[in-house]
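Should a chain be cited, it is by its letter among A, B, C and D, assigned in written order, with residues numbered from 1 in that chain.
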Amino acid sequence: MARVVVDVMLKPEILDPQGQAVQRALPRLGFEGIADVRQGKRFELEVEGPVDEAALARIHEMAETFLANTVIEDFTVKVDGEAR
Amino acid sequence: MTLDTVKHAGETPDTDQPWAELGLKPDEYERIREILGRRPTGAELAMYSVMWSEHCSYKSSKVHLRQFGEKVPANDAMLVGIGENAGVVDVGQGYAVTFKVESHNHPSYIEPYQGAATGIGGIVRDILAMGARPVAVMDPLRFGAADHPDTKRVLPGVVAGIGGYGNCLGLPNIGGEVVFDACYQGNPLVNALCVGVMKHEDIHLAKASGAGNKVILYGARTGGDGIGGVSVLASETFDSTGPAKRPAVQVGDPFQEKLLIECTLEIFREDLVDGIQDLGGAGLSCATSELASAGSGGMRVELDTVPLRDSSLSPEEILMSESQERMCAVVEPGKVERFMEICEKWDVIATVIGEVTDGERLEIFWHGEQIVDVPPRTVAHEGPVYERPYARPDWQDALQADDANKLPRPATAEELRAQVLKVVASPNQASKSWITDQYDRFVQGNTILSQPEDSGMVRIDEETNLGVAVATDGNGRYTKLDPYTGAQLALAESYRNVAASGARPLAISNCLNFGSPEDPAVMWQFAEATRGLADGCLELGTPVTGGNVSLYNQTGETAIHPTPVVAVLGVIDDVERRTPIAFAEEGQLLYLLGDTAEELGGSAWSQVIHDHLGGLPPKVDLGREKLLGEILISASRDGMADAAHDLSDGGLIQALVESCLRGGKGARIVVPDGMDPFVFLFSESAGRALVSVPRSEELRFTDMCGARGLPATRVGVVDGEEIAIQGQFSIPLAELREAHEATIPALLV
Amino acid sequence: MTARVGVITFPGTLDDRDTQRAVRIAGLEPVPLWHRDKDLQQVDAVVLPGGFSYGDYLRAGAISRFSPVMEKVIEGAREGMPVLGICNGFQVLTETHLLPGAMLRNNHLHFICRDQKLRVENAETAWTSDYEVGQEISVPLKNIDGRYVADERTLDMLEAEGRVAFRYVDVNPNGSLRDIAGITNEAGNVVGLMPHPEHAVEPLVGTGRTDGLGFFTSILKKLVSV
Amino acid sequence: MARVVVDVMLKPEILDPQGQAVQRALPRLGFEGIADVRQGKRFELEVEGPVDEAALARIHEMAETFLANTVIEDFTVKVDGEAR
């Protein structure tokens, strides 16, 4: 079985309160030098059968219609090699 | 691109401008040119276009809404009326209460979670801006057919968004509505209400005065979200292509808003602001022009000082951005330092962006050059006003002639029993606890009543037990059948709900959800509904203190049912005297107050059993509603009733089932002589309530009703583990509970 | 003279005023503490109230645990000062590792607000001595990150040492392992639980029960008798 | 400025109801053949200055003490190339 990873991030122009909260906390914890933090979601999908173009196209569609709301989010799909 | 300055605009009168794309009509653009004596700059055009949009200017509805100000009942409770961020009423003991209901319909369809969340955020800031601590929220909601696949997307997202935002702010959710109807399929209605409490002397207004006073923007940074949101999302139908090159949906940050609330309340406590305004639709355009317009003098703003999240924003975009969680305050120079300290304490960014001038213009600068020079009133308060044509639709007669009273009725007691189960299990009549359990109803520790009670009630003074109650109601089916009566029925039901809890109704807020005002049939519905509501408020003695209009709720040619949602606020001197809906005391007597006629038009029964909408809605008698209210309030105050539940959709049987399930006790019911059992159970005649009276109080109670001329019929007794309708059928509580509670979870999980 | 109970407000704390009220109703003196405070103003005990401190962003309680005031709370807790964490406060206590385990999103993924029945499993902590072992109480529960998890070894240890303080009864509202609603540290001075006793102290509001008052009367007795 | 990505996933033995809910919904939406879904968090950090070993070590520490709660979560840190 292969693993496909879908990363979903808020579009750059959309407010990311979570990322901001993390970034604001960092200096207090003694971590300097991080100019920006964005927080998103990572989906790890275990795919049965071959991860061919057709499968990736389907996962792409799934990401577009379900995993992400493209009004506010961008996503990327990538094959992660063999699942552990 | 060169900056479009005021000077440049004067020199280039013939430059083409995208006024049409921004939603302006040719004559509106002409008027702007007339006002300014030149073409507007890009920034001015941006401001006028958002502020003159339907959502901000109320250009189609204004002529009708005027009645709320003209037909004002004598009521000295009103401290601040229509026109401010929210109305304010005096509830005694030096307390003032502000409340308002608003819509966030279209954004919630596109992005249910964030759309609904920012709907709560927006209304809470309105309440805060009046000087009040927000103390509760409510959420009247309407979705498409319960079994439609898209409802599975929209409803859970909306509910999670309302909960996610409201829970995080620490505001108890004390009530609302959930209605399903195919007419809302592409146009769910997400209305949100907030209640706030303050002392009289804390009331604040949105006005800028005192030359030299500083204008401070505080809260979140301004980003590129929600630009064009106002004009595109709230004013136009979806298929029209708007100017939104940036996303028109905003993401809310409830944590930031919580800080904004606490910070603002601390600023009020130290009396540091002269005028204050929240930033909602139309962002800075709205806040600056409204503050300046309502005050004396002008205002000068340096737009470069606005803290940005995205440095690539143009000045037009900064003016239009609807980034959430921002407020604008006018502060005397001597108080600025302390203001800033408090903001710092709460980690809230605050920036002086300008000052009040002794001129008459709103002037905005960017990189040292002037890009806006306008009379603020022309932006904020003197927008276009339309007398849209309206006409009673030609289908109205046929609809009313399709009489629901003639629909086939159950032939046997067994069939009647089956229909009872079917109605109480139908999505609109079923328990909504799957939804309302996602809302915190306990936070702040003052919740006296919350869902599924008739009204939400909170204590506002721990020493004296003074409290307020709020209920919201609307019935699109009734209103479709007869808009004038439908609006009055919504008012009557909401009024009745407040009174049934033991509180004295004081004031009204409303959210008018309709289709396109460009359709004369819709405009007629709107005109009739506002007339009905205004007349009703006059008769009941409860002024309208504010509200909101949401138009263009339609898909193609098809509008939603006209859906005025009415919120009634009441006061109760001692919350210990509240009346819950639960029938909990075995042996108590059940009295039906009011008259039951054969009225099935628009009823739950006609919808569930026959999928039918036709005929006339129940008749309204507001004099009777008032009398019923007085009786319910007296019964509560003098301890004559232990429980009361108003009758509305679903009729007597629905109220009975809810009260029995809530109390965990059954009832034995006798059908009054000469009454048809089916009509008795399912008719939706208005002006009725079911009351549980201790035997020791029976005489006193019936004497009171008799003396005041309110029909009171003894219909049964609280008893046992089932609801038994004598001579007809009985249903065990367990079976009713299963039917009533299983429906919504099954639809959504 | 009664005892002084500090109630900490983090940015985003919601139930601080409610907790102060509960403390007052029990006859104690509430002392508001601010997250930036560097000392505890000589309070005798501390409550970390519920809410969404820092919006619960990242993880519930994850950011608050680094507040200046928490250094003093951790210090005090180690020296035996009674500390109660309610809901978000419990989450902060697990993030600081004053209590073991972690809180995760409810198994049904929804916020849940309900009147929750609990069984008292340990009536010897600083905050539970007014209850009896096996006693069932009802208090409001309201959270979205209320699922208690820990590895098997930790769970076994908690059980063996009697450190499960409360268990959910009838309904496990969030998928917490072994129905755990609240736990205590070894010494019994630090207690954390998800349900909200401070919302069950007055007959008039909320669910109309006063089952939560015992937390505050327990601490009153403990502090005033020493 | 360079981007460093920290992925945080629940440990395999911890129940992941969010991932499960996604997985359960997929067949209804017409997506078959996904054997398992896990949902986690993705943090994108914009780092000022060079992303050398010292910087990565600091980010590792940040992930361990703050971005992840290692009682329940695992994490990975990787450099994502130049930030856009």
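The rule is simple: a contact is a pair of C-beta atoms (placed from the backbone, for glycine too) under 8 Å apart; a residue touches a chain by one contact, two chains touch by 3 or more.
Remember, predicted model here, so these are calculated numbers, not experimental data.
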The pair out of C-D and A-B sharing more C-beta contacts is A-B
Between chain A and chain D, the Cα-mean centres are separated in Å by 8
Per the C-alpha means, the centres of chain C and chain D lie apart by a whole-Å value of 30
Between chain A and chain C, the Cα-mean centres are separated in Å by 35
Where chain D touches two or more other chains at once, the residues are 66-67
Multi-chain touching residues of chain C, meaning two or more other chains, are 54-55, 57-58
Note: chain B residues in touch with at least two other chains are 253, 255-256, 347
Contact graph of the chains (line, ring, star, complete, other): other
Residue positions on chain B within touch of chain C in the complex are 160, 163-164, 167-170, 253-256, 258-259, 346-347, 437-448, 459, 462, 465, 575-576
Touching chain D in the complex, chain A uses residues 1, 7, 9, 19, 22, 25-26, 29, 31, 33-49, 55, 58-59, 62, 65-67
The answer for chain A against chain C in the complex is residues 17-18, 21-22, 25, 28-29, 39
In their shared complex, chain B is touched by residues of chain C numbered 11-12, 14-15, 17-18, 21-22, 50-52, 54-57, 110-114, 140, 142, 144, 196, 198-199, 202, 204-207
Per the touch rule, the chain A residues reaching chain B in their complex are 10-17, 20-21, 24, 69, 71-72
